[in-house]
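Written below as structure tokens is the structure these notes are about.
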Amino acid sequence: MNSLDIILALYAVLGAAITVATCLSKSHKTQNTLSMILPVCYLALTLYILMATQLPAYGLGSDYFLIDHLSIYEILIAATLFLLAAVYSRQYVKDSIFIHEMDESNLRLYYAAFNMLLMAVVYVFLADNLALFWILAELTTAFSAILIVILNAPKNIGAALKYIFITSTCMLFAFIGLILIFTLTEDLIGVGTLNWSMLMSVAGGLSPGIMFAAFIFTFVGFAAKSGIVPFHAWLPTAYSKAPGPISAILSGTVTTIGVYGILRMYTIVAQTAAIGKIQILLIAFGVISMIIAALTMLREPNLKKLIGYSSIEHMGFVLVGLGIGTSVAMFWVVFYFLAHAFTKSSLFLSAGIIKHQYGSVRLEYIKNVFQLQSFAGWSLILGAFSIIGMPVSAIFLAKLGILAQSTLVSPVLTVVLLTVFLFAAAAFGVFMIKMLSRKEDSTADVPYFHVGWGMKIPIAILLAIVFVLGLFFPEQLTTLLNTIVSELGVT
Amino acid sequence: MILPTEQLTQILMVMVLATAAIIIMKRDIRSLIKTYAFQSLLVAVMALVFYIETGAVTLLLLAVVFIISKVWIIPHFMGKVQQKLNIKRDIKFHFLSPITALIVSLFILLFVYLAFTPLIAELNRFNSTLFTLGATVGVSIVFMGMIVIFTRKQTLTNVVGYLTMENGVVLFSLFLTELPMLIEILIIIDLIMLTLIATVLAFGIDSTIEEFHARLNPFSREQQTKKPEETTQ
Amino acid sequence: MIETLFSLSLIVLLIAATISLLGTKTSYSKIARRISLVLATTASIFMLAFAAEILLTDGNYSVLAYQITPTFQFSFMVDRLAAFFLSIISIVSVAVSIYSIPYVEHEEHEDRKNLIVGLMCFFILSMLLVIASFSMFSFLFFWEIMALSSFLLVMTDFEKKETQKAGIFYFVMTHLSTLFLFFAFLFIYLQTGTFDIAAIRADPLVTSIAFGFLFLGFGIKAGIIPFHKWLPYAHPASPSNISALMSGVMIKVAIYGLVRFLFLLPLQTWWGILILAMGTLSAVLGVIYAIKEHDIKRLLAYHSIENIGIILIGVGLYVIFTVEGFQSIGMLALLGGLFHTLNHAIFKSLLFMTSGSIVNATGTRNIEEMGGLIKRMPKTAMLFLIGAVSISALPPFNGFISELMIFQTFFQSSVLSNSFLELLLLLALAVFALTSALAAACFVKAFGVTFLALPRSHEAKAAKESPKLMIIGSAILAGLCVVLGIFSSQIFGLLGFSIAVPNMLFIGVILAGFYGLIFLAMREIANRNERVTETWGCGYPMQNSKMEYTASGFSEPIVTILKGIFRTQKTSERSFHDDKKSVFKEGKAEIHLLKFFEERLYLPVANAVKKIAEKVNSMQRGDVDLHVAYGFVMIVILLLIIWWFA
Amino acid sequence: MNIALLLAYGIINTLFVLLVSPLFISLIKKVKAYAQGRRGPSLLQTYRNLAKLLKKETVYSQNSSWIMRATPIINLAALLVASLFVPLIYLPEPTDLVGNIILFLYLLALAKFFMALAGLDAGSSFGGMGSSREMAISALIEPIIMLVFASLAFAYKTVSIPDMFRGALANNVFDPVAVLVAVSLFIVIVVESSRVPVDNPETHLELTMIHEAMILEQSGKNLAMMELSSAMKQLLLMGVLLNILVPWGLTTDFSPVSLAVALAVFLLKAVILAVVIGLFESCAAKSRFFRLPGLFAIALFLAVVTLIIEVFA
């Protein structure tokens, strides 16, 4: 066993140990601290891999896991978000119990599922074998569903069921695609394989017709996982019903799993003749998702749903970026994962404060935000500015980068994209203006909800990262992103 | 030896299709679950037939796992749930009436056949129409399972639909290839888990929240009354 | 040396913004915002010195300041054009910063005072950097920051309904403007492969498309009709110092962008015609709407639309004459337009600042409730009058010179060989003349009703003169109105332009000379006895403010004559005592002014979008089944696609 | 350029305008009186009025401000400067100091602006009404004035009034364009000097008052200055019309004899024009205020026709 194998095993061992420990421990504080320790460990391990080892490399034998820069990058994002969500959870969960939103008996389940989800997410990104990827992605669905349903509301059950049924049914179609690929390689090289690294090396010889079909089937599944229209309906419902920190990690990492899968598939089909059609398909789906999401946002009275729809819009934009397919576009798409994840999580965390303050995130219940929750007010403003792609936000750069590349496809596409961004921006702007400016004098009946530092700091950190990256691009990040793009074989 | 296998396979395929059609049509949940168990059995038998033909141990194992999990455990569990929920029939149909749904299924069958014939033809290993047919039936059953999901109201029925889709996928993979064992096992565990979660949640959707928690966790009520000491400002 | 001034000024502004924001909610908040405003003033003076140096020496300063990635660079270049706009911003910023020291204290909420100051510093900074930008990326970047900071400033009094409306309008319109700019820039990027502003290729179709989008983008930001609607909402809603900056400077940044790109793109005649037509339309409709308006800040906002129109007329004439081969005439028009940009920045900021003082003193923006302020606020009145005279383009003040330059360009249109163009120009000339005269009428109303005669409300009666610094801030600009007018020909000479403008120094001196002469002569030859008594009111014993001519009364003749534009909708409901409708019981009648653009353009579009959005939204509200069905249909479609392609 | 000569021109022209302009007010009155079968006041009556007003005490409203006091002086000063721009007898050498046509118009506008403000200053409803109507009319007439002067600028390729006169003088033939311009200019004079059918300078009836209402609160020396400046304005506009249409008589030779001849010729031309104006006023009826746009439309039409002829010729 080399060091990588040990680390890969450590991920699992640590994850399992901490999950068991959370289940055994009685106090909420211990459980929460344990949940903070796990992402920290993961961060440390992942950084160690990034610094100390030669990538890409196989882990635990050559059949199942591949560690390349993209997986490391995604794991780093995921672990950071989980860490911040865990910090945020400390007060949030306590308050949820206090207001009977959550049962104290479910605490263990909450933290166990939280840690298991992190583990599943980490392995999803490490999976080299697409079938394994598929399995782990389904697992994340299962854990997410548990986390969504943890709150005492019938609507949450509905949301979780929606989540499970839509994504799982679509994921079954993805499996059909995987079987097709497996058969195809069996036909071509004698041994069936679903290993991405292997597929990449033989992709040139794969039949474009079958690869096109296979891609479409896998696309259906992964698109559903990312909430691409028309497989998207679970996303706003689930995210709006989930507890604040869970919405944040779902939108930041779990949503990305789908487009991550599409990205991996894309790099395979990019070497076949089917790529032209697939690019059109991706752009079409991306644009449709963006349009539908943006239009829906315009009339959405629910803050968390609004943010959820915005996730759909952004995932659509990522698809468009993939569809453009140049190396520059890919660079910005990969960067977009980070920028979007952090911004979106900050928005959900801020919305969590609003939710606990007013007991609802619907527009009509929210008033006097600046008097009661001025921190949340400002973080929502900054988050909204960031998500609609205003400078100094990192999204501005990524958006501009991809938009600039979109002109290469067609200026019409650029116009459409810009119009959609206008709608999305208008939706956010109008919503924020309406929400934050509502003032009523009768504040006495609204009890003040005290927000501790534990809830503020994660939001501040996320926003700080997003805004610093919008102005300052570290050399290491550029190198990392360039390495990722070259490893993906995109030219 | 080849001829009887082929015929047997064809007969099994038709029967699987028939069970899928029954699942689309049936209202009574108990018989739905039974039909599903029968369908799984058919798929398992098919795996056995292939095992006899090719001698791949994976297929034998698959058949065993199938019989244990899908013919026995899941239907049994679902039957329990159905008894507890005390819902006997799923009367409402959405979007498509059973007859229309069957007609749509026929069209789907046709489309899948049209789409897959050229694809399968590209693969060198499959020169018989049996594979094409098998692949078509597998994918069609996936679609038919989906029809069940969106035409039915009850979550339990939806779960049956989802399980049907799974059977379709397995059928499809049986005809085309054999996946590594580990993957197969993992997939089945995975799906079972999702099914369990969905079924458990089915409780919630049909009962009030207190009942739900009471049913799931008999101790939750006592703990709920305990309040945290912290006071918020 | 001179380079350091540029960066120094930017750094000081950044420090100023930080100090003010850090001071929020601390016990040093007042000191913090004062220091910050003083620093802003200093920074603006530095920038002014820098810009003046470039302007006078015709120098060129360029720097690649920073790059985020190799594609996304912040590179700056200040040539004469940029320096000119930089100096506009710095001049107004100096005055506004001084004015703001006492002005922000009027804000009700303590913590918002520092916020206003901090954001104001960012706002000024972003405008300066937009002007200095030499890559399209940095232009867009700071353009967005400018939009963002100004939006937040507009939202200062976010609790008010009208502010919310203004905010939504402004937010959407400003994004629309950015959208067009994005597209134009990306289109240029597609053609050239770089974000470098200078690298625009000369393909007539390509440049035309680029120009079209640039014009739309800049036009919306500048507030040309029909994209003007955000101005009359945003300016009244925001604090007056911010209105002064927005109306005085921010909309000029759009003009800068337009002119900058016109310099780079190979010009075409139809661009000139488009700019001229839109400019003329904006000018005349802007002033016509202003005449009807009695909210003083909204009135000024409409005048901004008018003046942007005048500036665009100058720019349009420049394009037309240059393309037709008359560079020197074109240059006269362009200089007229640019000079008007400077002038408008100065007198409009002055007017907004003084109106801010009035609004603070009386607590209302409605001029019908003012009156008699000339006795209560004599200094403010004097400053407002200078602004009013300047904006009415009366000699010897600055507004006159720039309008004169544009008039003179018009008067030379007989050189054009294209008679269609000539007639077009004549039409524009007639409209322009009407605009100019209506502006004077409007400011007679604005000044007369606000400052003269008897106070029309208790608040107006109790009004007090503004604090000293507010007067000083405005006085700087008022002084510039006079200086730029009187010394105009000398200034042009100093900058090396030989422009045939009348020597206003001479005219000013003889005007003053005659004034003195008449004054002295009258003392000598006329009866010096004076008597102060009541105004004759046709025999009414007690004259009161109710008998004065109101603002609506004043504008009534023009409104009646132009009733085709001010269309009203009358609705009446009547009920009768009997069935035959002969004995009248009671009735209700309403006259409501049809806001043409709002009701025929904005609202229909907004409603259509809303309707579609509502429909799309309602499509997503179903349960699981519906969405699985959507997925099912989509997968079947995809299956068909596979079949199709296989 | 001969500074002394220019100075002399300035003094002579200004003094001439200042001294002679009241004469034409009386003259037009007299013509109107004759047309109505009356004898009318003496030609010197306006001078007498001015002298009388200067001797009277000045009454200010208690509501009024310094605007009221400054306006008459500003008015008169602006008109005095404007009178430098229109050479009536001696045509000086080309100079860029005075003569700009736009500046001339805007000097008149400056006077009007303050006059209108003064109308509002006292708070009387008459003053406000006068200001309001005056500004409305002057706004509507402005495009016509500009088009008229644009056509002059087109014809003579200059924006300087003296240069236009020089151009007209150089045209030995009777210019048909000048006739059309003259008609428009005539309407401009009628409007600008508040005459029937636009205004009726004789009545103090609120239905018809425009100009008179605006200066209703003026008294004593201030009223004198206002009356004088409006007389000067009338003469200056008449001068523009005359020296464009029939420029002959203008001298470029600065000698007493030629100056005297030019003066005589100008007086003759001006008297004829004044008679025409008087007769025109006698024939016309005062229009309703909101009918005036119709009159202006005629003038606009003529101005545009002139321009089209010029453009396409």
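As written, the chain order gives the labels A, B, C and D, with residue 1 at the start of each chain.
Rule of thumb we're sticking to: a residue touches a chain if its C-beta (ideal position, glycine included) is under 8 Å from a C-beta of that chain, and two chains touch if they have at least 3 such contacts.
Everything numeric here is computed off the predicted structure, so don't read it as measured data.
Visitor: Taking each chain's centre as the average of its Cα atoms, which is closest to the average over all protein Cα atoms shown?
Guide: C
Visitor: Report the pair of chains linked by the most C-beta pairs in contact.
Guide: Looking across every pairing, the one with the most contacts is C-D.
Visitor: What's the distance between the Cα centroids of chain B and chain C, rounded to whole Å?
Guide: 67
Visitor: Please report how many Å separate the Cα centroid of chain C from that of chain D, as a whole number.
Guide: The mean C-alpha positions of chain C and chain D differ by 36 Å.
Visitor: How many angstrom between the C-alpha centroids of chain D and chain A?
Guide: Roughly 79 Å separates the two chain centres.
Visitor: So how far apart, in whole Å, are chain A and chain C when each is placed at the average of its C-alpha atoms?
Guide: So the centroids are 43 Å from each other.
Visitor: If I count partner chains per residue in chain C, which residues reach a count of at least 2?
Guide: Only 624, 626, 628, 631, 635, 642, 646 qualify.
Visitor: Give me the residues of chain A that touch two or more other chains.
Guide: Only 158, 161, 165, 169, 173, 209, 213 qualify.
Visitor: Check each residue of chain D and list the ones that touch at least two other chains.
Guide: Residues of chain D touching two or more partner chains: there are none.
Visitor: Classify the inter-chain contact topology: is it line, ring, star, complete, or other?
Guide: Its topology fits none of the listed shapes; call it other.
Visitor: Can you give me every chain pair that touches, using the contact definition above?
Guide: A-B, A-C, B-C, C-D
Visitor: Quick one: in the complex, what on chain C touches chain B?
Guide: Residues in contact with chain B: 624-626, 628-629, 631-632, 635-636, 639-640, 642-643, 646.
Visitor: Using the touch definition from the top, list the residues of chain A that touch chain C in their complex.
Guide: Interface residues on chain A, with respect to chain C: 158, 161-162, 165-166, 169-170, 173, 209, 212-213, 216, 220, 224, 230-234, 236, 277, 281, 292, 295-300, 328, 385, 390-392, 396-397, 400-401, 403-404, 406-408, 411, 414-415, 418-419, 421-423, 425-426, 429-430, 433-434, 436-437, 439, 471-473, 478.
Visitor: Chain A touches which residues of chain C in the complex?
Guide: Chain C reaches chain A through residues 68-69, 71-72, 137, 140-142, 144-145, 147-148, 155, 158-159, 163-164, 167-168, 171-172, 175-176, 179, 182-183, 186-187, 189-190, 609-610, 612-614, 616-617, 620, 622-624, 626-628, 630-631, 633-635, 638, 641-642, 645-646.
Visitor: Any idea which chain B residues touch chain A in the complex?
Guide: Residues of chain B touching chain A: 115-116, 118-119, 122-125, 138-139, 142, 145-146, 149, 155, 158, 162, 165-166, 168-169, 172-173, 176-180, 183, 186-187, 190-191, 193-194, 197-198, 201-202, 204-205, 208-209, 212-213, 217, 219-220, 223-224, 226-228, 230, 232-233.
Visitor: In their shared complex, at which residues does chain A touch chain B?
Guide: On the chain A side, the touching residues are 63, 94-95, 97-98, 100, 103-105, 129, 131-132, 134-135, 138-139, 141-142, 145-146, 149, 152-154, 157-158, 160-161, 164-165, 168-169, 172-173, 175-176, 179-180, 182-184, 186-187, 192, 194, 207, 209-210, 213, 447-450.
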